[in-house]
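These are the structures, in structure tokens.
Both complexes below contain chain A, partnered by chain B and then by chain C.
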Partner chain A sequence: MGRRLAIIALAFSAVAPLLLLGLWSVGDQWFFPALLPGRLTLESWRHVISSRLAIEATVSGVVALATAAIACALALPVGRAMARLGGWRRRVAAAVAFLPVAAPPIALGLGLQYAFASLDLTGTIGGVILAHVVPATGFLAIYFAGVFTALDPRIEDEARSLGATPLQVWRHITIPIVKRQIGDALALGFLVSWAQVPLTLVIGGGVVRTLPLAVYDYVRAGETRYAATGALLLTIPPMLALLAARRERVAPL
Partner chain B sequence: MRVAVWIAAPVLIGALYALLGALGLVGLDAHGFTTEHVTHVLGAGSTWRGIGWSLATATVATAAATVVSAALAITFRGTRIGDRVARALAAVPLPMPHLVAATLGLLVLAQSGLVARVLYAVGIIHAAAGMPALVLDRFGIGYMATMAWKEVPFLSVVAMSVIATRGPRLEEVARTLGATPGAVLWRVTVPVLWRGLAPAAIAVAIIIAGSFEGAYLLAPSSPLALPLLTYERYRTIDAARRADAYVLVLLGLTLAALAVAILEWVRARWDVD
Partner chain C sequence: MEPALLVQGLAVPFGAGPGLRDVTFDVAAGERFVVLGASGAGKTSLLRALAGLSPVTDGTIAVSGAAIYLHQTPVLFPHLTVYENVAFPLRIRHRPESEIDSRVRAALASVQMSGLAPRMPRTLSGGQAHRVALARAVVARPALLLLDEPLASLDPTLREDMRRTILGLQTDWDGAMVIVTHDLDEMSALADRVAVLLDRRIAQIASPAEVLSRPASLAVARFLGHMNEMRMSADTVAVFPPSAVRPQADGRRARVVALRPRVRGTTAVLALGDARVEMAVDPLEPPAVGDELCVAFDPRGVVLFQNVETPSVPMSSTRIVS
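The block that comes next holds the complex of A and B.
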């Protein structure tokens, strides 16, 4: 009985948020205490296609893709080097790499703002990407440290002993082995940036408008239909990424 | 180890600029060295109330999410179809952004939200004002509930993986030595689970305490959570007080560094990777 109730609660928790956001995104004349909207409209979805929300979603996508690529390129060698450390050095390195993830984003953004302003990076898409790269790289370095810990370093040593240069080892041994994990890391890096609010708010200075900022403004303005539409747009790509990851490997979980 | 320092370099640069800003040496309103901002912020009750509120709500939300996740992992650890379905369902909300979770929290728990409408429909309340304030409330009940719900999927996935990889062997040993099912649960399964789950729980508490968008949409204006207080000082029209934000940035970064140190200490103590 308890198990069955728990499964029902889990199903509700998994499905209800998307259904509710879907209903809110098309609900019109929906005032308290009505349980259902008085009228349905696709107005907010037409707005997505025809106006600003589409531009903001595109900017978010570009920023997240660039963040993922840069963070992945930086984190891959760092994670590999971390995996080769032993004992307390490894613990300290893990703690240091976790700092950008643990730092409150608003504190990180305000701390970096002056440095970014002196490099003319505030209010630019490039500046926002660089700001997003900071926590994303920390996150992915820890991820890659885990990946490389599980990888036998003797495979690379073997290639080197057969005369391969460091670049050849990377190109022909290391990267092909962790190809799937690089794909996962790109998805993780994308997600860290995709929903980022405080860093975009501070470093973007209101000039760089992304989808999360639009949702944030719609919620604050009480524009429920638009907020729900934007929230669905924010949720769908991460959900699809999770589904794709689960289809790819038949994991025990 | 040097490579990891490069990863953290932006945080250190941010902390350095915040320190210089807090001492009146950099920033738009800087007028030369002063400790006035530091003494003002450290002497203000709002600073400590904000820190206390952020830490307390993060702790309660994380504790609730950890207990639920551990219970789910123990209940659905088997290989039956129900177990597998439950494990898959638990992970579905995992990638939902904090901003979306907070938006949902607002739409569901506000005084004119979905819960209030259902309570009205069944006759428990007779007006929106009859609904207890769960959002923007002093105790942050809606905030904690939303954050706990948001983090259950992540902690459940970790708990389920801990039980699957570390539980069976030790439990088998305990059973062979004559332990009852209750003793196996409380003396073996729960301690093993806790050791594996504790670092993830600490990481979750760190993320919740530093969360901006969740607090902005759901937390009260008094006391102001630390991330909101920092942003409010940064946006103040009083130019003389704007550098106070840098002191709060330093406090936020220091607390985060302390929390990371605790996290690594727990990992090292229990030898958890």
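The block that comes next holds the complex of A and C.
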């Protein structure tokens, strides 16, 4: 009974905010102490499609996709190398990889801003992508180190012994074996970038506008319906990732 | 004729010590060359060095073509079917599809695995996985196949099966094999020639029969086990196998003090005065403990070592000082 109650409470705590956001995004004339809005409207969703919010969502998607792809490409060999290290070398490598993940994003952003300014990267989408790549790569390198630790290193040795070049080993053996984990890593990299605010703010300098920044601005301006609509949009990719993970777990072996 | 493998003055680091040194030997095409050594002697390091998977610090390795290394436990590519596993060496060499198909089917047939071509590796038994790994290794017709204790992880029935499969590989492939093992039976069954690896260097290279009957040193004799050892004088030791001790009416009187049934034959431990000697006996009609026998030593089985210093290798057999 207690367990069932705990599950219900957990489900409620996960679903209730989303329901509330949904109501807010379509609610109009909703004043205290009314439990429900006075009328429903799709005005904010039309605004999403026709206004800058759509552009900002697109920018967010492009930045997150590029971040995921670049971070994954960098983290894959780094994580593999970390997994093949032993003893203190592995601990040092893990600490270095973890640094950009553990550092407060605002501190990381200020540090990167100095370097990016000299390269004319501040205020550009490219600069924002590179800034997002830094923590995402650290995060994914640690993830891939775990993946490759679980992978028998003799498999790659065997392929090399059979005459495969290093590139052929990657192409025909390593990547096909870890392709599911690469998919997971792409999703993780996407999510790390998708919800990123401080780095976008500092490196983008207000010129590069992403969906989280727009939601933040709507909240500050008291535009509750638009903020709720944007926030709902923000939750879509994580929800899709969760559903995909769930489907994978129940897929037959 | 050019050897399939020529190793000269090789030094291979392994473990915490100085590593293997001065390793020199050659292997002819079609030959099965066994490297025999105790666990931890550096056999696997040597094999990996020959495959180019481990570093060497000195010496040269010349192979007349490709060398393929097979791990002790088979390592198949888990995402590929049995067929695709065997096809892998040909695909990376960009061979035509028709050639790949015919050679893969022939290789699978040579290890009696034709029916399992569509299976995934996780569905195979240990013995089947061994066969697939062998088929995959020979399908590319390498000049040299390097096998790391190929029978060690198999149960006795599968060992015999696998032994036959390995011996059968060279019926339609003329490559050479280097096989490392610590097992005397495996060595005897597989080797054309054998190198005994002792004290981080090769102590003897000869045919299995010669190594067993004429060990090059006392250390080799002790390593081969089942040897009786008798000090003849201050600096001479006689070494002989249990089969060199035979009943003889006018021989020396001995008393049976114990029987030792072993896989390779039962032996009786005889008391010869203060000395102890093991003698091969008929396992179905062994003498009883306490029996008195007259025995003699077959000189063809006795090897004398002179200028012998204090033994440095632990003995597994009975030692006699008389």
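In the analysis below, the second predicted complex is superposed on the first by the 249 of 253 C-alpha atoms of A that agree within 3 Å, B and C clash if a C-alpha of one lies under 4 Å from a C-alpha of the other, contacts with A are read in each partner's own complex, and residues count from 1 in each chain.
One rule holds in what follows: a residue touches a chain if its C-beta (ideal position, glycine included) is under 8 Å from a C-beta of that chain, and two chains touch if they have at least 3 such contacts.
The model shown is predicted, which means the values in this text are computed figures rather than measured ones.
*Asks:* Touching A:Gln168 in the superposition: chain B (first), chain C (second), both, neither?
*Replies:* In the superposed model, A:Gln168 contacts chain C only, not chain B.
*Asks:* With both structures superposed, pick whichever of chain B and chain C touches the larger number of chain A residues.
*Replies:* B
*Asks:* After lining up the shared chain so the two structures overlap, which partner does A:Thr149 touch, if you call chain B first and chain C second: first, second, both or neither?
*Replies:* In the superposed model, A:Thr149 contacts chain B only, not chain C.
*Asks:* Taking the superposition on A as described, I'd like to know which of chain B and chain C A:Ala141 touches: first, second, both or neither.
*Replies:* First partner only.
*Asks:* Just to be sure I read the superposition right, which of the two partners does A:Ile177 touch: chain B = first, chain C = second, or both, or neither?
*Replies:* Only chain C is touched by A:Ile177; chain B is not.
*Asks:* Once the shared chain is lined up, is A:Glu158 touching chain B (first), chain C (second), both, or neither of them?
*Replies:* The second partner, chain C, only.
*Asks:* Pick one for A:Gly22: touches chain B only (first), chain C only (second), both, or neither.
*Replies:* Neither chain B nor chain C is touched by A:Gly22.
*Asks:* State which residues of chain A lie in both footprints, the one left by chain B and the one left by chain C.
*Replies:* none
*Asks:* Over in the complex, which chain C residues touch chain A? Could you list them?
*Replies:* Chain C residues touching chain A: 51-53, 66-71, 75, 77-79, 88-89, 91-93, 136-137, 140.
*Asks:* Where on chain B is chain A touching in the complex?
*Replies:* 1, 3-8, 10-11, 13-15, 17-18, 21, 26-27, 72, 75-76, 82, 85-100, 102-104, 106-108, 112, 114, 116-118, 120-121, 128, 149, 152, 157, 160-161, 164, 203, 206-207, 209-213, 216-217, 226-227, 230-231, 234, 245-246, 248-249, 252-253, 256-257, 259-261, 263-264, 267-268, 273
*Asks:* Hey, which residues of chain A end up touching chain B in the complex?
*Replies:* Listed in rising order, the residues of chain A that touch chain B are 2-3, 6-7, 10-11, 13-15, 17, 20-21, 24, 31-35, 74-75, 77-78, 81-82, 85, 88-89, 91-108, 110-115, 134, 137-138, 141, 146, 149, 191, 194-195, 197-198, 202, 212, 215-216, 219-220, 224, 227-228, 231, 234-235, 238-239, 241-242, 246, 252-253.
*Asks:* Can you list the chain A residues touching chain C in their complex?
*Replies:* It comes out as residues 152, 154-155, 157-165, 168, 172-173, 176-177.
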